[in-house]
Amino acid sequence: MTVCLNLQYARGGMINFGTVAYFAAGAYAYAIFTQEPPKGLDQYLFGFDAPWWIGFIAAGVASLLFAIITGWPTLRLRGEYLALTTFAFAEVLHSFLLNERRIGNGSVGLSNVDRPDFSAIGLSENYGFMLSAVLLLILTSLLCRRILASPYGRAVDAVRDDEVAAEAVGKDVHRLRFEIFVISAVPIGFAGALYAMITTLVSPDLFTAEVTFFVWIALVLGGEHTIKGVILGTLALVTFEEVVRSLHFETVRAAEIAASVEYMMTGLIFVMILRWQPFTRFAKKGATP
Amino acid sequence: MTLIAQYFVTGIVTGCFLILATIGFSLTRRVEGFLNIAHAEMLGVSAFIAWGLNTQAGWPFLPAAIVAIVATAFLGLFIGRLVYDPIRNLGPAVLLISSVGVAYVIGGAIDGIVGTGIRSLDIPLATTYKFLGVRITDYQMIVVGLAALTGISLALFLNKTKTGLAIRAMADNPALAASRGIDVQKTSRATWLVASGLAGLAGVMLAMIATLSTDIAFHQILQILAVAILAGLGSLYSVLLSGLIVGVAMDMSVYFIPAGYRPLIAFAVVIVVLLVRPEGLSGRSKS
Amino acid sequence: MSSDLLVVENLRKQFGGLKAVGGDDGLSFSVKEGSFVGLIGPNGAGKSTTFNLISGVLEPTAGRVVLAGTDLANVRSSDIASLGLGRTFQTPRAFMSLSVLDNVLVGAKSSGENLRSVLLGGWRSSEPALIEKAKAALTRVGLEDRVTETVSNLSGGELRMLEVARQLIRDPKILLLDEPTAGVDPSLQGKLSKILTDLHKEGRTLIVVEHNLHFLFSIADQIIVLQQGELLSSGTPQEIKTDPKVVAAYLGDEHAA
Amino acid sequence: EEVTVGVLVPLTGELGEFGKIVAGSVELGANEINAVGGTSCGNIRLVVADTGGNPEVGIREASKMIESENAVAILGPTSGVMVALVDLAKRTKTVTMSPYAGTITLNELGGDYVYRTVSSDLGDGAASGLWLKDKGYKSVAFLVQNEESTISPAQVARTTLEEADIELTDFVVYNPGQPSYQAELISVLANEPDAIYLAGGQESGVTVIKEATSGGFEGEWLFTADLAVPEIFDAAGADLLNGRAYVEFADADNSLMEYKAFEALHQDKAGGDPGPFAANSFDMINLVALSLEASGVCSGEGINSVIRDVVDGGESVSSFAEGKAALDEGKDINYEGASGPLVFDPSGTVAGAYTIQRAEGGEWVNEEFYPASAFE
Amino acid sequence: MQLEVRGLKSGYGKVQILHGINLKVPSGEITTVLGPNGAGKSTLMKTIAGHLPMMEGEVVHNGQHLNGIGPLHVCIAGVGLVPQDANVFSDLSVRDNLNASAAAFEGAIERIAEVLKRFPILQERSNQLASTLSGGERQTLAIATALVAGPDILLLDEPTAGLAPIFVDRIVGWVEELAQDGTGIAWVVEQNPEKILAISEDAYVLDAGRVADVLKSKTLLEPGRLEEVLLQVHA
């Protein structure tokens, strides 16, 4: 549980355009690079059997490349259209991975993904991953902070608020948007790699639109504007999910009822949290402007 | 050649279903200003009410369908007032996520009440007609007919009636609308009724052509989104065109590439069109 | 003798069937370096559209704009701005999520706007000077008390002055102002007129769209009058005031005196 | 004293129907076991969780069962979840077992800690292919849901047909969850095949059946296991199926004594006939209990070390009670399951038998039985 | 018949902007409201029209209390507002703007016809989206949409900002006629104050959320007097 909690934690740290596509790109890249070459029933074509850190770098590079590919044509889009088009790209990637068996083994996915050996540095696996996730999170937030607190971040905000006016003072809107788009994809790729290590499996099923929803939800729950709020929101969401799931059922009927009630509860609590916004307030209180 | 024509016609039908499913969604987006993810679940609500009345209570299809549509409309109104009204000023992102929550609640409730398994209405098997070698069933014709009817009547409603005009004015600038004698609350209620009623209609169509499982409704949200984006969010007339484009593109694609790629096609079309027209087909920019 | 800084040649813009600028033949005029031009005309004459065409916000249907020898065809509006052109908008455009100070700072060209210097932190040393400059600009437009506020708290007139401040920090060679006094109270109008004459004295070129003629005629040295997208008249304020065509189309009787 | 066994099945989503059968059957088994005093590790306590068929949820739920509930075994995951759990099972030394995960991926990954009481999908494919060939169709169209568990058997069946020179008019892979499958059907119908092989879920299956029929399809059908439920007659309409439709699924040999006993038990305790995979599920819990008993070690490791032995060599037993008695006497046992003899191959998979049933009078009735030996 | 504002306090959220305003807008008269930027003129207008909640005080029109009844009922009670910004439905055509604004009122059809006659530009542009109108055209439309309701009291928040002098003349003339027909008008003014002061009775000078001075408008027309008053306020 801790592992998964912290993984989500890391995932939630990716703000801005966080969508499942870059996450998947990272995870797949990691899997492909560390995978043994195909054999037997495997239908994928590549597998480089590289050590985990090469896979990790590859994950960052892959999501970077994917961000470049998707970012370039979508530059002209704004606001919701941009968000929804990246969403569309994610769906395309999903459908592609599902149908194109030569890359990721189709719907089966790649299983038994390599993971680094933490025992070498004297850590149990769970703590190892937890630590990596936290590390990734901290690095990412620091990076975000650094970028957002600079004139660069100011320009990015300005572009978001009013593109025409930003251009009128000489801001290269295209460059700024493209850069921020690409930069924010990289940590997501890394998180994807981490995720692949933890689950030891990548398959299209893991990277559905729900993951994107999850990120959005976390963002909104925590209030969109402070990094702290985002982290809080994610934590709250994960904890909440865990609490709902931590009840165990000893009869089938109970589990069955619980399954539908759980959905309803989850939904209800979203609605209520959003209505009264406790986390936003908390984050605002603690945040230094 | 007939084969291609057949794909085209099927595509039109698919498109018309998408239109029915999307148009209420777009209306909500336009007036209430957010993407109502729970819209897809409203289709499910209506489909299952129709199913329940039809197969469990033994009603004929038509009254069951009408009751389902009306009930869905009022449920939508109820949810709108209960959930969305109080948080309207918190912004579209909050509303959107709340609607995900609502979708969960509805989905869970349907799951709990109806349970898993397969359901279909107690109606005769579709009858197929052939025109110039191209097949079309009576149910498909109903879908096409209703899509056309809905499109036209919605256009008339929005342009020619006071309520329609009020809906558009309020969508644009609610504060000003109030100062121009438009009852914002009443209008908002009317919108929820109409949008949910449209979802109800699409749900009944869904029940008519598809086999119902508890999650089939939610599966539709991706395509609804695709059509809505392509149309230009919140624009209504372009939904008609964009539904047809997506439907035809998806179905025609089956002729050329494996059918598994159908959803990919829907979004690929969206991406391609948006690259040419960044604000969707309607091309209306919102600053 | 100073040369033409801005040349507009046969410029035309159509929206659907509506000929907003340039009529059939296109609009042509030129502006000398260091001059102070007033651009007036009835509502819907195409003044704002002309600004949008010059600054690259809109693409012309035909014709061209030459700024300091550079043909602006296919030059992006951010690049035009970098060439030294500044402009304000008729409806004030503020960056709503930023503070008043940051709104002005966005106008500055900071070294901290490329990623390398952001990551290395090299921009920090130059920032204080920019902030001073921004504060000075805010003082000049009378917003010195509101530096840290968020812009959504500003009133209509204040927003307009904020936009002027954002341009001041940029030191533009040529500045296009679209109705700078609309909604600005008389005492601030005085400030504004002082700012503009100062800028003029510093040798900058100004083009100002205004309906407030008392204000404009007292500071501009040349007036261009548009009507239905076409050049109706041009000349010194004195000439314009008495031009019967202008009186009929724009000024109305009482100004004729 | 208790020993915890996790039941991880889909209770919601497309496979919910099967998940319930499996969970119910495991519960039945556990009650039987506890009724005779439980294992030497104590009574069996079940914890049940829903995966909704989602591997990520599966991993999370399984980790929790193992970490916070000390489950010694996880029973019932579907294919996708099962594959996702392989690594976790081996790492945490927890036995993971499925009664219906036919996925071919497990043919490679399974074995240690990972078992199934059902044969691999490849067997299904082979059985279907065999049947289509034997039936003497000249042309067959394939409609296959876009999932590994349907595609891989379909590919095996396809090979069989190709070898037998039967014309394959279409091989359509479609996505489930659509309101209509008209587009996918166009070319299939245009080619007028003798039969359609439909490997899909229930919801898509029913729609496809209706749309094909109303579109003028007059040939016969062969379905795969998902449609082997009685509800299909209600949903699709019995007249569309009677005399024209067949279904293939991995099945217990219901001529066996052991199966009959299970059937009777099911009738008695749960009411009604056991559904698909019920016997396989019943066997899982018995295997776990017997292994616990045999090894005397109350952990996944204990189960794993003896699970192959309790089904091989020794006195034949067909229930937990019998096995317990035999073990108490110090004998080796050979558990003969309700679903068949249960011998694990190196990948932890049992060899399976397959049944073809025919639609008749609104019911599935037996048509053909392929014992495991048919595929040697 | 008149609109009377007594001891009005209001603001945005917890921030109080207006600190007790007293104001009368008699029927058939034009009352000007002036003051420096940020004095609270728009806030006053918005509060009267029901867009901002009142913290204290009351607004009475025709014996009816308008406190807290919301913008719709203020409008129905006969008080119309032309806001300073966002004052048209930008996604609607000019014609639909007028129709939507008239929908709830009797006699609106005739008033629409009259408005179109007075401002032929609106007729010409009747199918154009309001968002694409020029600044002045939009301002004209904004006033027109408020007038088609036939209000008893009209609140104008800088209605002539950005209008060409010739248009200003026309609007001033029109408003004067309305006043003669009995409409009470509150006019927030900055540009062209002379034209409005010339036809108005009382002038309220606002500063920092308070009424700094109430004068006869005509007195402000003396050369330099206006600047003097405003500068005094600033000091």
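By letter and in written order, the chains are A, B, C, D and E; residue numbering begins at 1 in each of them.
Everything below uses one rule, namely that a residue touches a chain if its C-beta (ideal position, glycine included) is under 8 Å from a C-beta of that chain, and two chains touch if they have at least 3 such contacts.
The structure displayed is predicted, hence computed values, not measured ones.
Enquirer: Could you name all chains that are in contact with subunit A and with subunit D at the same time?
Expert: Shared contacts of subunit A and subunit D: B.
Enquirer: Give me the fewest steps it takes to get from subunit B to subunit E if each step has to go to a chain it touches.
Expert: So the least number of steps between the two chains is 1.
Enquirer: Which chain's centre, taken as the mean of its Cα atoms, is farthest from the centre of subunit A?
Expert: It is E whose centre lies farthest from that of subunit A.
Enquirer: Any idea how many Å lie between the Cα centroids of subunit A and subunit E?
Expert: Each chain's C-alpha centroid was found; their separation is 51 Å.
Enquirer: Once you find the CA centre of subunit A and the CA centre of subunit B, what distance in Å lies between them?
Expert: Using C-alpha averages as centres, the distance is 30 Å.
Enquirer: So, what's the distance in Å between the C-alpha centres of subunit E and subunit D?
Expert: Measuring from centre to centre gives 76 Å for this pair.
Enquirer: In subunit E, which residues are in touch with two or more of the other chains?
Expert: In subunit E, no residue touches at least two other chains, as defined above.
Enquirer: Where in subunit A do residues touch at least two different other chains?
Expert: Where subunit A meets two or more other chains at a single residue, that happens at 98-99, 164, 259-260, 262-263.
Enquirer: In subunit D, what residues contact two or more other chains?
Expert: 11-12, 20, 146, 173, in rising order.
Enquirer: Mind giving me all the chain pairs that touch?
Expert: Contact pairs between chains: A-B, A-C, A-D, B-D, B-E, C-E.
Enquirer: Can you list the subunit A residues touching subunit B in their complex?
Expert: By the definition above, subunit A touches subunit B via 73-74, 76-81, 84-85, 87-89, 91-92, 95-96, 98-99, 164, 209, 213, 216-217, 219-221, 224, 257, 259-271, 274-275, 277.
Enquirer: Give every residue of subunit D touching subunit B within the complex, in rising order.
Expert: Where subunit D meets subunit B, its residues are 11-14, 16-17, 20, 146, 172-175, 177-180, 182-184, 186-187, 189-190, 202-207, 210-211, 213-216, 231-232, 235-237, 240.
Enquirer: Which stretch or stretches of subunit B touch subunit E in the complex?
Expert: 162, 165-166, 168-169, 171-173, 175-184, 284
Enquirer: Using the touch definition up top, name the residues of subunit E that touch subunit C in the complex.
Expert: Residue positions touching the partner: 12, 15, 35-38, 42, 84-85, 121, 128, 132-137, 139-140, 158, 161-169, 190-193, 226-227, 230-231, 234.
Enquirer: Quick check on the complex: what are the subunit A residues that touch subunit C?
Expert: 146-147, 150-155, 157-158, 160-162, 164-174, 179, 183
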